[in-house]
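Okay, so chain A shows up in both of these, paired with chain B first and chain C after.
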Partner chain A sequence: MMNLGFTIGVLGVLILSHAAYSTIQYRGLLKIVEEEFSGPPMNVVLELLVGLVLCLWAALSVPGKFISIHPDSDDNRIVSLPDNLDFMIFNHRGKVLQPDTGMKLKC
Partner chain B sequence: MVGAAEEAQLARLENQVDNGGGGAWEYLSLVRKLKVRRSDKVFKHGLSILNDHKQRSGLGGEEWTLYEQVAVAAMDCQCLDVAKDCIKALRKQFPESKRIGRLEAMFLEAKGLWADAEKAYSSLLEDNPLDQVIHKRRVAMAKDQGNFSVAIERLNKYLEIFMADQDAWRELAEIYVSLQLYKQAAFCYEELILSQPTVPLYHLAYADVLYTLGGLENYQLAKKYYASTIDLTGGKNTRALYGICLCSIAIGQLTKGRNKEDKDSFELQSLASTALEKEYKKRASDKLPLLAATLRNLKLQP
Partner chain C sequence: MGSGHDEKNRKADVLEDLGLLNVENLQNNMKIIYYSRTFLSIIGGVIAGILGVTGVTGFICYFLIMAIASLGFVAKADFSIKAYFNSWNQIMLDGFLSGLMSFVLFWTYPSRWLYFLKVLLIISNDSNSWLQYSSNDSKSL
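What follows is the complex of A and B.
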C-alpha cells in the first residue's frame, strides 16, 4: 500500500513537471508566432488536474492513518483517571494480604 | 488519563505477563505511563526482572527507574525488606539524590514511624521548600493517620501555591466527599471542569455530587452534567445514563404537576433508558430482566 502510494506520488510529480515543461515550450512557441499568452492549452490544464489529484491522493495515503479527533472515539475516550499515586497511602488492608513473602532482591 | 484503547492494551499485557508470555518490561512501562496502581503485579514482575542479571543490565539507565518503581510497589505491599534493599541499591548509585531521600522518608511512612517521616520530610523541605511531591506526601501522611482536618488544611495551603495541580484538586474533592462536605467538593470539581473541560469523568463526578446534594436546582444542573458526560463519551458511560434517569425522576417528584418542560424531560429519560437497555442487551444479556425491573420501579415511584 505504502509503495503503491509512493509510486503514484512520484508519477504525480512527474506529470506536474511535464505540464510545467509543456507550458514553457508553448510560451516559446507563442513568442515565435508573436501572439499574446492568455493561458495554457487545454491538454496542459488536463494534465495539471490529473497531476494534482495523484499528488493529493499520495499525500493523504502515504504518511499514515488519520487520528480521530472525536472525544468519544476509542483513542480519545477517557475511561478512568490515573490513581493518585502522589497521595498513595500504605496503611491499608494490603498489610494482611502480603504477596509471596519469599521473594527477595538478590544483589 | 487512561483512554479506552490504552486500557485495553493494559489488560492485554497484564494477561500476557501473568500467563508467562513475556513483555514484563513493556507492562511495567505502561503501568508507569498510565499511573495505575498495580503494586502486587509490579512487585512480582519487577522483582523478577531485577533479579535476572542479564535482563537488568539490558535496561541500561532505565534500571534505576525500575528500582524506584519496585521500591514503591514493595512498600505498598508491605514487603519492607525488599523496599529497603531497593532503596539501598539506589542510594549506592546516587548518594546525593533528593529523590531517594524522598523514598527513604516514604519508607519510614510505610513502617508507620510518622514522627520520623515527618522529620525527614521537613528537612527535605528546608532544602527545597517548593517540592510538590513532598508537600503531597505530607498531605497523604495526615490522611493516613486519619487526621482529615490537617490534610485539608495542608492541601488548601498547597493549592494556594500550585493552583494548576489537578491531581491535588481531585484529591481534595475526594477527601471532601468522604467527609460528606459536598458543597466544598462541588467547588473542587468545578475547578477541575474549568481547567479540563473535555474530561467526562470530572463532569460525571460533579453531577454525582450535585445529585447527592439534592434540591430542584441541583437536580437540574446534575442532569445537565450527566448529559454532557454522555455527549463526551458518546453514550458509553453507563453511570451517566443511570444518572439521567434518576435525575429526571427526582425532578418529576419535586415538581409534580406544575412542570413546563415535562415532555422534554420525559423524552430524555426514555432515551436514556433505551440506551441502557441496548447496552445491557449487548454486554450482559442475563442482567436484562434486572434492569427492566429497576426501570419499571423507578417509573412507578412518582
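What follows is the complex of A and C.
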C-alpha cells in the first residue's frame, strides 16, 4: 500500500514536470507571436488536474495510517509486557479506572 | 448483552470526560497531518506557479487546496474524528501557516525556474549559432 502510494506520487510529480515544460514552450511561442499570457492551454490544465489528484492520493496514503487514541480501542491493546515489571505500582489513583479486561481478552 | 453494551458505552463516556487518551498515537496522527499538508502545499504552489496565478487568487488557491486536504483527512479517518483526534481544530487548522510559507516559496519560484529552463532551452537550440557568434567575436578580436 505504502509503495503503491509512493509510485503514484512520483508519477504525479512527473506529470507536473511535464506540464511545466509544456508551459515553458507555450510561453516561448506566445513571445514569438507577441501575445499576452492569460493561462496555459487546455491540455496542460487537464495535466495539472491529473497531477494534483495523484499527488493528493500520495499525500494521503504515504505518511501512514491514523491510530486510534481511545484507551479502549483495539489499536491500543497491550500485546507484550514491559521488562520493568518489578518497578510497576498498582496502588495509585488509576485504580478508579480499572480496565475492562474481559473485553480485551475476548479478541 | 444490551446491558453489557450500555456498560461499555458508559465507560467510554467516562474515559472521554476525563480526557484520557493515548498521547503517543495522537502525536503520530498529528505528524501524518503535518507531512501531508506540507507536501500538498508544495504541490499546490507548483500548480499555482504553472497556472500563472498572481495576487489574492493565489491565496484563494491555497485555501482551496487546504480545504480539499482537510476533506481528505476526514475521509481517511473514516469520518469518526473523535477516535483519532482531540478536536476538530487539529484536523482542520494545524500546519496551516507553515504550509503557507512552503506554498508561497514554490508559487513564486517556478516562474524563476521556468525562466532559467527557458534560457537553457534557447542556448541548447541555438548552440550552433551561439558558437558561431563566439567564433566571429574571436575573429574580430
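What we mean here is this: the second predicted complex is superposed on the first by the 66 of 107 C-alpha atoms of A that agree within 3 Å, B and C clash if a C-alpha of one lies under 4 Å from a C-alpha of the other, contacts with A are read in each partner's own complex, and residues count from 1 in each chain.
What we mean here is this: a contact is a pair of C-beta atoms (placed from the backbone, for glycine too) under 8 Å apart; a residue touches a chain by one contact, two chains touch by 3 or more.
Please read these numbers as outputs of a predicted model, since none were measured by experiment.
Student: Does the superposition put A:40 against chain B (first), chain C (second), both, or neither?
Tutor: In the superposition, A:40 touches chain C alone.
Student: In the superposed arrangement, which partner chain does A:82 touch: chain B (first), chain C (second), both, or neither?
Tutor: Touch partner of A:82: chain B, not chain C.
Student: Per the contact definition in the header, classify A:91: touching chain B only (first), chain C only (second), both, or neither.
Tutor: Only chain B; A:91 stays clear of chain C.
Student: Touching A:4 in the superposition: chain B (first), chain C (second), both, neither?
Tutor: A:4 sits against neither chain B nor chain C.
Student: On the A-aligned overlay, A:30 touches which partner chain: chain B = first, chain C = second, or both, or neither?
Tutor: Neither partner.
Student: Given the touch rule stated above, what does A:72 touch, chain B (first), chain C (second), both, or neither?
Tutor: Both partners.
Student: What part of chain A is shared between its chain B contacts and its chain C contacts?
Tutor: 70-73, 75-76, 100, 103
Student: Chain C touches which residues of chain A in the complex?
Tutor: Touch residues, chain A against chain C: 12-13, 16, 19-21, 23-25, 27-28, 37, 39-40, 44-45, 48, 51-52, 55-56, 58-60, 62-73, 75-76, 97, 100, 103.
Student: Would you mind writing out the residues of chain B in touch with chain A in their complex?
Tutor: 1-5, 7-8, 34-37, 39-40, 43-44, 47, 50-51, 72, 75-79, 81-82, 85-86, 89, 109-110, 112, 132-133, 136-137, 139-141, 143-144, 167, 170-171, 174, 198-201, 232-236
Student: For the complex, which residues does chain A have touching chain B?
Tutor: 70-91, 94-95, 98-101, 103-107
Student: In the complex of these two chains, what residues of chain C are touching chain A?
Tutor: Chain C residues touching chain A: 8, 11-12, 14-15, 18, 20-23, 25-26, 28-29, 31-32, 35-36, 39-40, 43-44, 46-47, 50-52, 68-69, 72-73, 76-77, 83-86, 110, 113-114, 117-118, 121.
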